[in-house]
Structures are given as C-alpha cells and as structure tokens.
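Naming follows writing order (A, B, C and D), and every chain is counted from residue 1.
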C-alpha cells in the first residue's frame, strides 16, 4: 500500500496547510499549542484526506469513521484539518478562542466534524472505547474509531483503564495513535515522567503495536492500511508515531517552550516564511500581520 | 415489574426493577457496571438484557468515558457505581466527557448517605449533591420513596442530557400513590401548615412528615414540601410556602454544605429570605455505625427536625434571637 | 522576596515568590508538580530548591496520593496543578487520602475562573469552591490581591490540616497594605455603607470596590466586605453587616451554584436572612473568550454588581418585589 | 532464607488467628469482606510477625517499615494482625463498624498501627510512593514501604500512574504485593476485566517481579527477604502472590458471593469450626454465638 507520488504530494500539501492554519489561528487567537499541533500534522493529513471514511456534507453519517482527539490542546491542527476538509469555511478558524467562536480546547457542540469534547488529558481513549463498543453493538463492521493521544498524556491512569478494557472487549475496530513527540508541557518525557518501554506497555495491556516515523507520509498511509485491513485479530491496535514536537519551524522543534505559546504577529510571520521555504513553496508570511488587532495580548506567554 | 407499594422493597431493588421496565421500553438503553452490580442492583438489568450490560471492572473514570462514547453512538447509557465514585473518582470525566457536550447519560449514584452506614466515611456519600449541582447541564434528583424513584427514572429517560439521581440502600416509607409522576423543577406539597415549612429531599422527606406529626402534637402546624428535583429546584413553590410560614427547615441525607440546604438557601435569598435551619450531616465525615445510631448522632431524626423547626419559628418571631452560633 | 505592591505582579508570580519565602522558612516544605510549573509558577520554588521539587508528570491522582504519603513522612507538600484537575480529576484522592485523615497538605488551585479565559470551558475552573467546600476538614480561601495571597499562604503553613487556596492568572488591583494578615473565618470590612453589603471573594472584591464607587455616585452607600476565607466563613461579620444594611450581593469568580454565594446564603439563613443577589458564572460553562469579554458576558463587572445591589435594595424595600424570576 | 520449622509454625498460627478474628469481627460487626481478608492472611502474618521492622509500643517510630493496605476493604485481616501484634487489645476488634469503633474501611486517625486511610480502591500505591520518596528524602536507607493491592483493584488507572512514577524515581524501597486471588467483587477477574499478562504489565512499567504462592509461608518469607535484600537495583519490586479468595473455609473459596457478606452467627460458627479442623486444632466456634445481639442485621446481604 505505497501511496502514489501524487497522493503523497497532496497529503504533504495538506500537512503544510494544517501547519500554516495552526499558526494563523494561534497567533490571531492569541493562545494555543503550536508544538503538539505541528507534530501531528502528517497524521491528521493522512487520516482526514486519505484514510478516514467521512463526509463533510454529512457529518453525522452513521457509518462514518470517528476520530477522538484525546490531546485536545492540539485542537488548532484538527480545526485546520476539518476546515480544509470542508466541514466549515476556512475563515471560521479565525474565531479561535473568541466568544462564540471555536473553543480553545475541543467543544463538539460548536464545531462540525468534532466527535467529542475535551481538554483534560487522558480521557479520550475511554470515549473512543465507548464508540467502538457502540459500533459493535450496531454491528457496523466497517467503521473505525481513531484516537490520538499525546506521549505525556500516557502518564494518565485513565489511558490505561481504557487500554485494558479495549483489549478485554477485543476492540480491533479501535486504532489509537500516539503522537510520540518526546516532549510534554514543561520538558522531555524521559525527564519528567519516563514512559519507556512504551511499546511493551501497550503489548502488556493486550494491544497490537505498529511503530512508525510519524512524519513519513507513506509510512502513515501504510500503517493505517495495515491497522485497518491486515492486523485486526481481536486486539486493539496502537500506532506509536515517532514525531518531533514543533516539527516545521526550527525554533519550536523539540522545544517545550513552544508547547503553549502564541507568537507575536512578527514571530508568526517569520515562522510561516520558514515553513514555506522548508516546503519549497513561495515565501508567505502571516496573513493578518498588519491587521490592527485590538485584542488583549494576555496569553502571549505560557 | 411495577413496584409493590404494600410491601416496600429496598430502594435499590425498586431501582433494579425500574431498570428492567425501562430496558423494555428503550431498546437503546445500556447498563454499565464497575464491579458492583449485585450491590447496586444493576444486576436486574444484567439478567434481563445480558446483551446490553457492559462490565468495565473497577475503573470508574473509564466507566463514564465509555458511557460518553456510547451516548455519541446513539445509546442511552446508565453507568452505575457507588455515589462516592461517581461524584469524586470520575468527576472530571462526568464534567467534561458528559456534561460539557450535554450527552444523554443517566447516572445513578448508589449507596448514599447514612444508610450506607457501616462501610464508613469513604463510602457513605455526603458530597454528591453539592458536587453534581455545581456542574452546568446536570440535573440532580433524590427520591422520597420507591414510586418517586421510578417516576424520576422514567422522566430521566424522557429528558435529553445528563441526569444524576440518588439510590438509597434502604427501605423507605411509602409517600406516593401508584399514579405518581415526577417533573424537573416541581416540588410536592405533602402537608399544609402555617408556621414553618419543612423542605425535604430523598429519604429525609419521610422524616419531615414524622417531624410534622410531632409538631402537630404541640399545636404547631408545619408545612411539608418534598423537593426530589434538587436541580432545577422549585423556586416558585419555595417562595409561595415561606411567604406563608415565614421560616423553614431543610433536611437532606448529605452534607449541609453546598448541597440541598444550600440550594434552598440560595432560592430564599433570591425570592423570599426567611430563617432557615439545615438538617443533614454537619460538615463531618460520616463514619461507620448502625443506621439508626448514625441518624441519631448526626441529629437527623424527626425529633431533631422538629427541634430545628421550633428554632426557626423562634428566629422568625424574635429577630434578635436570630443570631446564630456564629454571631 | 516580598511582593512589590507598587508594580503589581500577576498573582501567580506573587504565588511563586511566596513559595520561595515559605521554602526558606520551612525546610520540610516540598513542591509537587504535574507538568505545569512554568504556568502555575511553581517553577520559582523549583529553581530555588530543586531538591525539594518533585515532578510527577501528567497524573493528578498520583500527585495527590504522593502528597499524602509525603505528609505522612513529615513533609508539608504543595501539590500544584490547575484548579480543575484538583477539584475534578483528583477529588477522590484529595477527599480520602488527604482530607479524611486530615493531612497537612496545602493545595493551590491555579488558573481559576474567568482570567483563564481562552483555554475554555474545560480549563476555566468554576466549580472548585463548591466542590472543595463540601469536603469535611478542608479549608478554602480565595485571595483579593497579592498581599492577601501571601498572607493566606503564610497562615496555611501555620494551619495543621488540608487547605485549598485559589491562584489567579491575573493582575489584581492592590487592596491591602504591606502589614496585611489573614486569619481563617475572618472577613475584612473594606468600606462602610448603610444601604447594601457587597460581599466579595477573590478578584471580585476589587470589582465590588469599583461597584461601590458607582453606587456612591448615585448616592447609595454600599458596604464592602472581603471574605477571602470562604470556609470557614465569617458569620459574625456577615450578620453584623446585613443587620445594618438589610440586603446583600455576593461576587465570586466561580459558579454561583454551591460556592461562595451559597456559603453566604447559608450563613444568612442561619443568622440574619436578607435579600441576596449572587454575581458569578450563572450555571453555564465558561467558554473561551477574552477576559474582559467574558466578565462582560457573565455580568461580572462593577456595573453589574451595582445593578445587583440596586435590585437587592429594591427587594428589601418592597417585599412583594422580591419575587424572583422563579416565582 | 528458609524459615525454621518453628518460625513457620508460629506464622501459620498467626495466619490462623487472623482468619479467626476476621470472621469474629465481621460477624459481630455485621459487615465486611471475608474473601479478601482470608486470601491475604499468610501475607499479613509474615509481614507483621516476621518481616516488618515495627514496634507496637512505638507505632510512630520514625525508622519503621510502613504498610499501606490499598485494598482497604480487607481491613478485618489487618485489624486482626495489628491487634495480635499488640497495637491494641484484641477486644477492640469487636467495635468494628460501630460508632466510635474501628472503621469499616481503614481510618488511620482511629486505629493505632494503621499507616493510611482508605476505602476507594486504587489509591494506596500512590500514598506508598509518597512515603518511599519521603524516606529517601530523609536518607533512611533501611525502612521499606509495603503496599498490598487487590487484583481487581489493578483495573484502576491510579495504580498505573503510581507504578510509572515509582519506576521513574527508582524506588526500590517500595515493595508492592498483589493479592492475586483471581476474584473481584462480583466475579472472576478474567471474566469481568482481564488483567493478564499481569507480570508483563508490571515489568513494562519498570518493576521487578517476583511470583509466589501467596499461601506458602516459606515462599513468602523468601520473597520478602529477596525483595528487601537481594533484588534492589533501582527498580521497585512487586510480589505477585497467587492466592485463593476466601481461602480457609470451603464455602468462601474462589466464591465471589463471600466477597462482601457478614455471615449469620450460626454460619460464622460453622466457618470457624471448619477452620479449626483444617488447621488441625481443637474445634472452636464463634465466640459470641449466644450473645444476645440487638444490632440491626442490615448488612447481612451483599
């Protein structure tokens, strides 16, 4: 299941746009998590623009695949993917963190395409287990439930409660994806709370494990294909995606200081220019750089 | 299986029976258990509909998270555990995975308050009313008897969104007839009286009725109002009653801090302030003991309610006597 | 490092500085963090006393359990996380591992209420006052400014047993001078007035002072009382004030259900019932938005407090007008 | 480290007395958990009467070993051990579940020798981690912290949070003991929520694992010796003790119906007689069989 050159190119473009829009909305909204949005850009690109069976014109289609973003602070990347997919106009992302706008963490009552509400880490896998069980009750054998978790998030006991139950119920229609970007909010995972041997933990909890480079689009395509069509054998499947937190702009890479921080417009502009250069695109900066912005600069810091 | 009012069951059995009734009427109802089904009596549902019963083991956070996922795929989940573990262990999951998106999950809180008795402070749930009431979107109810519980559960099924209701491990005296119904935000005037209003919720309403008898013997006509619906609460009925009686007592099988008594105090401040005495657990841990001994220790028996009523009347009559212990 | 009242810091920085002060005075003080230290500002302590700083990762249940174990071996732990995760994620651990055995753990709840703002409903903590207040043995405080926070923290260290105090991510106007002290159950009369009492806690006391100015311009003398100590609460001062003014408003940076407003309503019912209007988040989720926009939306600004004061006065003067929305 | 015949005999007697007193107090208190008290009788006997460095005359001795009973519903067995050890008179156990008596679940403020308060499952290991860290801070290299967990209890995420952190902090002064009696409150572990491969879970969480027959006194003596003196290598140690829930009287063995249930006095009498026969002692029944007991029979059922 190697993707064609054309498909890879398209997915790469989507990952690029997800990163761009994440910076745009975090800068304009003056709040948000760049590092964890960037690290899962390719994962979301492949899920939303290739793998997942979803229809933006029928967001509640019963037989659809579902994705729970358990690391809900990564919402900018997801909001970007949903907008690019057509769940709502791109313009809507500029209401990020505004009154009656798109919520800082995920609020499914406000944003079409969102399958759950979140914010507190560690909860999403349980919700995904419930969905996977629900689909089983409905005898829907085709749909899959995806759940994206952070690596630091896997410190949370709730994750392991959910993991244990997914194995107990043989939920091979559940595919967890860990954005293993090695960094949590305030430092490196190994330093703050080590999670290794990580794959061994999932295996001991009864899961089938696939490990990939989470920025390698063909690898992601292949892993999802395998998880959906090849591996199911009565065990839930986890894709441990090795990624780089902040991947895309150098100042943010592997740097916990960009875990949560809204860039000044000028910094955002530099970030976006660097991003376009990296992707070999024409240099393009922050779209609202010169907009007179009366909003308080409150959350600029961490 | 309708409840049998002549030979009252423990409330948890009435709960189990009503689960079975509802399961027949709602094919999309599912029951979840965290290793307590023969205690909570979720086992009735398990036996009737084994295919719709989900065991999650001793993992309450997961219990409520899974329920959210089931609600999102079109089911009506009843995640069942002891009230302490709903209100304390899984509060974040209930708040954010369920209440925040306003999901259709019905949460029975088993083993509440004094009758849990011997299990002791860690299990005798006193804080659930305060805690659940603080969550936006959550509705909260505490039944006065088995018929009331059944009515609450039927209404809960017809209510879109999260509901928390208490289930007592206890046999309650019958208050209501077979045609009894329940509506959110509607209280029940059980006895009319002019001198003081006794507001009861849950099993304490029965004790308020007994207290009214005691007071009647002393020539004090007490009004008794049952407020099974704690959130929303019947502010109109509260105002109407105290406008007449001028003072009130609340009685709850829970801590008096932040719970039912506070809900009534809030309403009184809003609509018609009168002296209020709150009966319930007085901000202490509810340690082990026999049921009656604990009701006695925490001054939650009818004579204590009657004494509180007299104190409230006293306060109404001589405002200077209103200076409570703190002043 | 004393706080600098002339150039006020964000309260969380005052928190961090005071941690360092306390760390010097109490060699058995230890700080625990759940991956939020540069946000909560526990990082100040980490830098000053790296050997007494314990990182537990993103695991709040464990954070409080470990704190209990440390308290049991003679340390004074400060487990630090966002208020939502203390009040909701780890409530069972706080209740049973810490409060029940009355352990000497000091719990700062960071990022409370409106100023958390853009993070949104899951993070903008509104229920912690109601929840923490419901736990026996727990003391609860919300500081009015940085000096007040510092005083609370110093008193907390001298208090045996569990303490919960709120830390706001916000810069508050200065209310208190350098010699300021704090005692449990003691309120502060900040401004005298005869017509209405404004009871404030936390950052809302400053807004009450501004509201009193607005009212003064209309010739309405409002009394302002700051109640940083929410549990225990100063019932004597509350009674004394409303006996004079005859009506009251509460203002809190939290839900009005079960929290500070409820604590005052409970006290009024006990000692001197008067009409009460409660300012705070009106039983809704506190979704994302700018700080000022949210204060506006939830009607928590000085003009709203002033309007509530007028409504309370109106209710006091014409009891028939007291019929609130519910009646 | 094979115990002498004499020591083994003494520890067996203590296990026997723990079982007897558990039945006595549960029957008289009309509430409590027989199955989970019986299954850890030998474990407690070896800990309290051989291995642990404690002094009932100095219950707060700084350098003592500490035991956290995380499965706090097993309190009868622990109360029995503490009474037999001399922390308080045996008579005190008859106040179990009474007003101002010994609390149903553990309340350390009421009972000398208790090191923590509990009731909700899954919490104790965190408290034990805190104690082990505290002892490290105090540079106490000798004292050990023990924590007894139920197998069903290990469904709780809090256990895995604690486990992860104990490994992160290299707490080899912490020894967890799982009473792996295969039964939880309402059925078998594998049926309600499977935890296998159990040792693999602990290993993947960074622990050193010792597996034993939890009713074999010499094996327990040996395992604790090993855990304290041989294994410490920067990893916390878990002893997975394979036990039989209700071990001691046939009607309760592997039977979830006796997880929580106070026997009628006549049933208690039969139980205790069976127990004495099994131990080859003179038949002895329930000591308060004919006492006129005015207490409500409320909690006789589950």
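A few points about this structure:
Note that a residue touches a chain if its C-beta (ideal position, glycine included) is under 8 Å from a C-beta of that chain, and two chains touch if they have at least 3 such contacts.
Remember, it's a predicted structure, so these values are computed and weren't measured experimentally.
Listed by label, the chains touching chain A and chain D alike are B, C. Rounded to whole angstrom, the centroid-to-centroid distance between chain B and chain D, based on C-alpha atoms, equals 35 Å. Put simply, the C-alpha centre of chain B and that of chain C have 28 angstrom between them.
Annotation: 41 Å between the Cα-based centres of chain C and chain D. Contact of a single residue of chain A with at least two other chains is seen at positions 107, 117-120, 122, 155-158, 161, 164-165, 168, 193.
Multi-chain contact residues of chain B (touching two or more other chains) are listed as 56-57, 59, 61-62, 84-85, 88-89, 92, 96, 100, 121-122. If you sketch which chains touch which, every chain touches every other chain without exception. Every residue of chain A that touches chain C in the complex is listed here, in rising order: 29-31, 72, 97-105, 107, 117-122, 152-153, 155-157, 184-187, 191-193, 260, 295-296, 298-299, 302.
Only residues 122, 155-161, 164-165, 167-168, 193-195, 197, 200-201, 203-206 of chain A touch chain D when the two sit together in their complex.
Residue ranges on chain A touching chain B, taken from their complex, read 66, 68, 107-109, 115-120, 122-135, 137-138, 157-158, 161-162, 164-165, 168. Every residue of chain C that touches chain B in the complex is listed here, in rising order: 84-85, 87-89, 91-92, 95-96, 100, 121-122, 126-127, 130-131, 133-137, 231, 234-236, 238-240, 255-259, 261-278, 283-285, 319, 322-327. Chain contact summary for the complex, chain C toward chain D: residues 30, 52, 54, 56-57, 59, 61-62, 64-75, 77, 92-93, 96-97, 100-102.
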